[in-house]
Structure formats: structure tokens, C-alpha cells
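Working notes, structure below.
Chain nomenclature is as follows: A, B, C, D and E, assigned in order of appearance, with residue numbering initiated at 1 for each chain independently.
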Amino acid sequence: MIKKPRLLSVLDVLSGMMILAAAGLVFFYAPVEQMMGLVQKVFYFHVATAWVGMLGFIVAAVAGIFYLAKRTEQWDITGFAAVEISLIFFLTAIILGSIWAKPAWNTWWTWEPRLTTAAIVELIYAAYLLLRQGVDDPERRARFSAIYAIFGSISIPLTFVSIRFLRTIHPVVIGTAETAGKGGFNMDSPMKLTFFFSLAAFTVFFVDLLWHRIRLGKLQAEVEKLRIDTYSNGM
Amino acid sequence: MKSYLGAIRAIIWKDLTAEWRTRESLTSMLVFALLVVLIFNFALELDIQAQESLSAGVLWTTFVFAGTIGLNRSMALEKDRGCLDGLLLAPVDRSVIYFGKVIGNLIFMLLVEIIVLPVYSFLYGVPVFQPGFFLVVLLGSIGYVAVGTLLATMVVQVRTRDILLPILLFPLTLPVIIAAVKASQGFLQMIPFDEFSSWLNILIVYDLIFTAVAFMVFDYVVEE
Amino acid sequence: MIIVKKLVKRFGPITVLRDLDFEVSPGEFVALLGPNGAGKTTFLRILASLTKPTSGLVQVASFRLPEQAVSVRAQLGVVSHLPLIYGDLNAEENLSFYARLYGVKQPRIREVLDLIGLTDRKGDLVRTFSRGMQQRLAIGRAILHSPRILLLDEPHTGLDQEAGEILDEVLREIALQGRTVVMTSHDLVRAAELATRLDILSRGRIRASASEGEFGSTDLVDFYRAALQGKGEAA
Amino acid sequence: MKSYLGAIRAIIWKDLTAEWRTRESLTSMLVFALLVVLIFNFALELDIQAQESLSAGVLWTTFVFAGTIGLNRSMALEKDRGCLDGLLLAPVDRSVIYFGKVIGNLIFMLLVEIIVLPVYSFLYGVPVFQPGFFLVVLLGSIGYVAVGTLLATMVVQVRTRDILLPILLFPLTLPVIIAAVKASQGFLQMIPFDEFSSWLNILIVYDLIFTAVAFMVFDYVVEE
Amino acid sequence: MIIVKKLVKRFGPITVLRDLDFEVSPGEFVALLGPNGAGKTTFLRILASLTKPTSGLVQVASFRLPEQAVSVRAQLGVVSHLPLIYGDLNAEENLSFYARLYGVKQPRIREVLDLIGLTDRKGDLVRTFSRGMQQRLAIGRAILHSPRILLLDEPHTGLDQEAGEILDEVLREIALQGRTVVMTSHDLVRAAELATRLDILSRGRIRASASEGEFGSTDLVDFYRAALQGKGEAA
């Protein structure tokens, strides 16, 4: 058994507290936005979950590179864990976005590049899971998914590129500042603070989850090894 | 170097000879391409006006589906009687196998495009005969085949190989496809070059990145 | 010629080879025997550089695997469970394709076709061949470049009387030329006739090994049985 | 009669159990279906207005492609270790095998549709929740699977099985698909029933004819 | 039990079987020998109602083929080149599926699993089985419904010592029970040990036939050679 590290316990508590604090900031500190009203509060979580999603996919790609270089099971577990978690976060981002879209654009979903590319990124990593499922040999599975994760991360920048090159109603904040795009809004400083704090909170939360998931992966590997021994002694 | 190119040539020669025997891949790709055009037509009841702006999209969807068929078949042949092992046992660099297969697959895909384009142009009166457009077709196909060959090699070693290729390949190559569609649209609709030249750049950049990365990781795909 | 030390190969939870030690001197002809699922095929694939070992040292023709695989491959001829030939090419084209990959001259192709008795059918597509005819061609493919080491996985499978004798003949000649052969088989008698050494693989290791002279054809089955029950356990 | 139904049930049980092990067919069909929806979107830049009239076409194209994937995989499994021969050697009527496979395939296809429809309705705001429309989906799927199972059985015995199925199946089932598209359009666009009821009739007639003919010729497909 | 008269089978331009006559009485055990590509597999597939003859009379268990195929099939057990089992089901499920098709009771499954020595691995997916383990299961599948006639195409392929002996045992027992067996093989010695009659198929016809007693194990090869060269031509 791997003992639970002290730092992880600390991280558990920290991430829990930060998420709570972020929620507190969102609902009690940040002002209600004038044009959109209460729904705008979704914004903080929408962006934070989307960010964490992206982060995980990039972690997976990096883990992929390390796996191919080092060939240690640990990197495969890391990559898989990152994708699994991010897939859920990213889906959450899409769902939150579409909850927001209903009042903002008067529709749950519209086919515009950012949303479509977001859906496709989700599909890329759903395909990643399918690929893993199709391979029995763990070594080969690790290799293939590492490669696929690397390619997936090459495709992601398009989601950022797309909103810059294509006409879109999905707003661009990062990089082009302030009120780019229709329906964007100015952030005053309590909003900014809340925004960046929730980004930080979700990032810590992500690291915490990832750590747990990696530990779980390792335990599973351990259990498998125990099974090997009982199994082959039985033969 | 000479034997390096010789080995690549041997692989291409082998693929072309086998195809010449049966002409299965080419005819299937062609028939399927025409079918996709027809299905679009039926499902969407395209008329000439609508065509104008949709042509690029329809054409690339057609190429992409036909391409998957070709890629799938090409790698299935390698796996059939264990031939991929045969290739891997040969004392040549893995990149020989990769480039040999990429070039073979590209030839098939281009052949299909060369036939589909005039037909489409004839049916819908779209002005396809422009060097710029041909360049886009070539660049798009290269990017698609570069990744496609890699993934097909991977998929063929997987239990679910019958179905996995399009699922893995389509979303991954979307950057190339979107860029190709946009650039094609530019040429087909006679939009001023400046307005869509950035798409052409994206296309070239993605081609380079995809080919380079695919080439670098191919080793990892074929080792066991 | 072949040195294997502490070789381990796992497929997920199953350990197929555990701490296997194995050595072959140049010119030896080793028959690898063992029950179904013992790992003979897996072991040969590792020697052929087609499968990566989980851990351990593997050295073939004084090159290390998997690092120096390309140099090893030029020295290897392999007959596997599958024929490794293209159904849509005819027999001659198949050989001539592999000849180009191995840098072998054309006249050798005719020689090999004669040897395997397929000169008459050389223009027929391989996919119309019967199982045994495909196996003959597979053997032709493996010896095309006169490799210094031959790895054969149940090569007599599907061969008729005549082809079986031809193969025996080829193998004897190859052995005479000082080449090294490792062959798996389930046919004890044939193996004893051809090989200079019998090795028995079971439960992940070589459990017994007998050189020419040590095995008379009478106690073969006893020897094999004993090895399986661990009485011959020397390693 | 009891053993007749028992044998059909055994075949369905086997398909479901194998699928339950891996869930490969279902997930692949699903992911592919969603991909097709997305690709349409990209290629055609559909907006909500355009959707209105195209929904039926897009939906059926999606089902048809996803269906092909399912059919292909289902028969590939039968051929894998020669299992189809195993079925053919069993002392049961050929129709048992045919109906067993048809029902299994139909279940998979309907499951996929059950998931895709709400998603699609969510994405495009199309009013799919109508009993009439569901009936059309069921009828269309039956016709498609009835012919598809037959062809998949045929294709799997052919060397080019990786690619042949869509090429044969799409044109052949076009009547069913067109009728299904038209009838679906009627329901989705709230057109008065009288105006498109003839399409529903055509659909039913084709279902009957296709199933009957497929049933009758199945024997010839599996004999060698 | 089996009567074949003037059987012709063509594949396009190639005539594989020409005017073949063949007869097996109940309880006979016929070993079908012959060179690669002689048409043994083709002939067995015709008897199994899997392939249609081009012309000629084929009667199995007093039913005519291809007309009364369903009645024939209930009496047949077949082992072919491929194992005819599902990779995504485990060993037990495979047998239990076929049991339902053949109307066989459940206890028989356990019996068969014991017989082929796969009771330990009955819960493992077949696709992780080695070649020989799959072959064992294939044999189990064929004898599941205790058929009156067994058709075996090189059934010893890939079997290890133990499994080969089990198969021999099963076959002997089946023969004792008065069932009829037709088996192809390339192993003259084994064939002679098991069979009550050796038939040699070559150039489209049975070229020679020898009953138990007529063949002593010494002149087997001569007998086979002579038949191929047409000296033993009796038909």
C-alpha cells in the first residue's frame, strides 16, 4: 500500500476551502452584472471549468511525451487520469455555457465556431477513451494513448484560433481585452478578483483530483500485481 | 540513402501492384465519394444557389470519407496475413515504412480527387480548375494522409479496428479540414486572396506540424 | 549468438515469462518445447524484435534488443503463425518485394521458388493458395536472404509429407552451414530428429534442457513430462 | 416453434453479452453519430433557420452512417474466428440466424437513436418528441437493418469487407431512407399529416418488401 | 453413413475435386491424407454442408446434401482450420451459446470443459487464449452435442503433447461408441494409429485406400508415395 502523503491531505482541505471561498465570492462579493443579471454568475465557473479542462488535456500531452521517453507506467496513469478528469470538467464547462447561453443568446446551443470546436475537443478525448478500451496489452495501450494525446493537444489551439479568425458571438476576453465581441462585458475589479480567484481555486482543485486519481491508478496496478501472484501460484 | 529510397519505392510499388490487381481500393473510394455527393444532394436537396457556398464543405467531406476508406483498406491489407510483421522484420528504418505507406495512400487519395473534381464541377458548375484550388487540395490531402496513415497503423493493431479509424481521425484532423474548406471556399467563390490567405497559412503550418510529429512518433506505433 | 538473461514479459496481469535465462551458441539448433500457453510464441517474438520485453537482457547476434533492432533484423529469418505474405500479390511478386527490402538479388528468388516447390504456381495470387502452400511460401520468405539466425514458430504446421521433408532438408542444410536455429514445436519426435538441443519452456522459464546424445528417442516423452512437473528443474 | 424462438434468443443473448463486455459497438456508433452531426455543421454551416428543413436529412444521414458502423462490427465479430461457420453448422434454420442478427442489430441502432435524438433536439431545438416521429424512426430503422444485415453477411464473406458495406447498402436502401426523411420532415415541420402520409405508406411497404426479400434470399447469401 | 458419388468441385477455372467417389460405413474412422492443395479442406466443407458441390451426389447420415442440410447438421461435429468461437465471450459462455443452439443441457458443458482441460480458465475471454487453448475449445465445441459424425480438419494443429493425447483419447472413445469420424491430417503415423482406414486424396480423387491391418506402420510412407504417383490408383 502507498501511504497517503501529508501534502495531499493538506491539498484536500485547501482545495475544498478555496472552492467554498470562490463560491462565496461569486455569490456574495461580486456585483450583479447590469445587463445579464444573476445568470452572469455562471461565468466564473464556466470559464474556470473550461480552463481546467484545457489544462488537463495539456497535462495529458506532456505526460504522453514523458511516457514515450521514459516508458514508466506512472506517466500513462497520469495521462489517463488527466484526460478523465478534464473530460468531465470540460463537459461541465459546455453545460454551464449552454445554461448561460439560454438567457444570453436565447438558445441552449448555437453552431458557432467556439462551441463547435469545444464539442469537437470533447469528442477527441471521448475517442481517446475508446482507443484505450480497444487495446488489451497495457504497454501498447499506454503507447497509443500517449501518441493520441499528443496529437489531440496539437488540435486544441484551433479552439482559440477559431474565435479570432471567424465571426462569432462567443466573446473573447483573454488577449483582446475588454469588450470584444457582442455581448461581452466590462469587468470591474471585484469581478476581476472573483474571476481570478475562482480560476485559482479550480486549478488547485484539479491538481488535487489528479493526484487522487493517479494514486487510485497506482493502487489498481498494485492490485493487479497481487492478482498476478495469486494467479500464477495457482497454476 | 540509395537503399533508403529504394526501400520506400519497393513499398509503393507493392501497394500499387496489389491495387492494380484488384482495383478495389480505388473503385471503392470512388463509388463511395460519388455516393456521399449524392447523399448530400438528397438529404439536403441542394440546389445550384445553395451549392455556391457549400461546395467546399461538401467536397471536403467527400474527400475525407473516401480517404478513410482508402486508409482503412491499405492498412487492413498489411495486417491480413501478418504482413505488417513482415515489414517490421525487414532491416529498414521505420521511417521507410511510414513514408512508403504515406506516399502510396496519398497517390490513391489524389487519384480519387482528380476524378471527383471534374465530375462535381460538371454536375454543379463549380469553377474547380484553378491552380490555387489544386494547391489547397494537395495540401489538405497531405495533412490528412500524414495523420491518417499513422492512425491507421495504430488502429489496425487494435481489437476494434473495423470502426475506430474515422472516430479517431476526423476530430483530430479537423484543423486541417477546416483550413482546407475555408481556403477552398476562398478560391471557389472568387474571394480576394488577402481575405483568406491566413487559412492557407494555417493549412501549411498544420501540414508541417502533423507530418513532423507523425514521423517522429511512428516508431512508437509499430514497436510492440 | 543469443543471450537472454532474467527476461520478464507481462501482458497486463499475466506474467508469461519470468526471469527466463536462455543461451544459444552459433550453429546450435534449439527446439523449444512446452505446453499450450507457455509463452513460446511470445518468446520468439521478443527474439525477433517484434515484442518488447518488460525487463531483462536480450542479445541477438551480439546486438542488444530492443535498442539495436535494425542490425539484428538483417541477420534474422522468421516463420510465424501467420505467413507474412500479401494475398493480392502472386508468389513471385511477394518474394521479389521482400528481396528489395533485404537487398537480395533476383536469381535467388528463382532458387527459393524451386526449393519450396512453388515454381509452377509462382504466377498465382497467394490468396487462392491452400494453407500448406502459403506456409511453404512463408518459409521461402524467411530464408530468402540466407539469414544467420532462423526463428521458427511451429513451421511444420499445415505442411504435407513432401513439404515437411523439404523443410527438414532445408533446416538440416542450414544447420550444416553453421547457422543458428530456434524452433518451437509440439512434435517431440521431429524436434529430437532435427535439433541439437531440446529446451522445455513451462511456467515462464526453461525448465529443462537436453543436448544431442542425452536424449534417445525412447525416453523423450518421459523427459518432457518430468520437465513439466518440475523434476528436471535446473534453472 | 419453441426451439425456433429459443435459438433466436440465444443469438441475441450472445450479441448482447459480447457487447456488454466491451460496449465497443455502442460507444463507437454514438461517437460517430455525434461526429457526423458536427461535420455536417461545419461543412454546411447550418444555422437554426436552415436546420428547420434539413433536420430530417441530417438525422437520417447520421443514423445511416452510425448504422453501417454497427452492422459492420456485428458481422466482423461473426467472421473473426470463423464463427459464422459455427452458426451455419448449427441445426437451425437459416432464418433463425437472420432474425437473430436483425433483432440484435436493430436493438443497437435503436439504442443509438434514443441517445442521439434528445441530444440533437437540444442542439438544434427540433421538436423530436412526437409519437408519430418515433414510429417513423422505428420503421426506417427496421427497413435499413433488414437489408443491412443481409448485405453485411454477404460483405463479410468477401475479401474487401472493410469497405464494401456502405457502397452496397446506401444505394439499395435509398427508397427507405428517402421515405423516412420525407415522413420525418412532415412530423418535424408540423406539416398536416395528409400531405405526407403517402411517404409513411411507402415506408411501410418498403419495410415489408425488404424484410420479406431479405429473409428469402438469406439462404443464398450464406451458402458457399 | 457417408456416400459421395462423382463429386465435382470447381473454383472458377480450377477443378479441385473431379469425379470423387467416397464411402464411409457407420463406425469407421477415416483419415484423409494428401498433399497441400489437394482439396481435403474443400471436401470436408462440402460434407459439412458449408460449401456447395458443383455437381455429384453427396449423402450424409442418409440425408442428401445440399437439400437436407438442416437434418444433416444436427448429426455433425466439425473442427475446422478456425476455432469458430467468439473472442468477446469467455470459454463457458461460448459453449453455453452453442449448447442452446444444439439444445444441449448445461451439465454437459462442465463435462466438456473438464475433458478439454479448460475448467480453470473457463471465465477468461477467449481472445486472450493462446492458439492451442483456442484449439482445445474448438474441439470442445465440436463434441458438445455428442454428434454421430465428426469431421476434423487437421485437429492436432497447435495442440501440445497433453492436449494432443486428450484429443486422441476423445477420438478413440468416440470411435468405440460407434460414431463415425473423417479426419484430415499430415501426420501419417498419428493417422495410422487412430484411423481404421487411410484414404489418400490427390489430383481431385481418392487415389488409394487402405484398411486397418493392411497398413503396418513401416511401409506407410511408401504407401503414401505410391498413391501420389498413381501406382495405387484403384478408383
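By our rule, a contact is a pair of C-beta atoms (placed from the backbone, for glycine too) under 8 Å apart; a residue touches a chain by one contact, two chains touch by 3 or more.
Predicted, not measured: the structure shown is a model, and the values here were computed from it.
Q: What is the set of chains touching both chain B and chain D?
A: Of all the chains present, those in contact with both chain B and chain D are A.
Q: From the centre of chain E, which other chain's Cα mean sits the farthest off?
A: A
Q: Report the inter-chain centroid distance for chain B and chain C in whole angstrom, where each centroid is the mean of the CA atoms.
A: 39
Q: Take the average of all CA coordinates in chain A, do the same for chain B, and state the distance between these two points in whole angstrom.
A: Each chain's C-alpha centroid was found; their separation is 31 Å.
Q: Centroid from C-alpha atoms only, then distance chain A to chain E, rounded to Å. What do you get?
A: 58
Q: Could you give the separation in Å between the centres of chain C and chain E, each centre being the mean of its C-alpha atoms?
A: Here chain C and chain E have centroids separated by 28 Å.
Q: Provide the list of chain E residues touching at least two other chains, using ranges where the numbers run on.
A: Touching at least two other chains: 81, 87, 127-128.
Q: Touching two or more other chains, which residues of chain A qualify?
A: In chain A, 120, 123, 127, 130, 133-134, 136-137, 139, 235 touch at least two other chains.
Q: Out of chain B, which residues touch more than one other chain, so two or more?
A: 22, 159-160, 164, 167, 171, 174, 178, 223-224
Q: Which chain C residues qualify as touching chain A in the complex?
A: Residues of chain C touching chain A: 10-15, 18, 52, 54, 203-204.
Q: List the residues on chain E that touch chain C in their complex, please.
A: Listed in rising order, the residues of chain E that touch chain C are 11, 14, 33-38, 41, 81, 128-133, 135-136, 154, 157-164, 186-188, 221, 224.
Q: For the complex, which residues does chain B have touching chain D?
A: Touching chain D: residues 22, 24-25, 28-29, 31-32, 35, 39, 42-45, 53-54, 57-58, 60-61, 64, 69, 72-73, 76, 159-160, 162-164, 166-167, 170-171, 174, 177-178, 181 of chain B.
Q: Okay, in this complex, where on chain C does chain B touch?
A: On the chain C side, the touching residues are 45, 48-52, 66, 70-71, 73-74, 76, 78, 80-89, 93, 97-98, 100-103, 125-126, 134, 141.
Q: Which residues of chain A touch chain D in their complex?
A: On the chain A side, the touching residues are 107-111, 116, 119-120, 123, 126-127, 130, 133-134.
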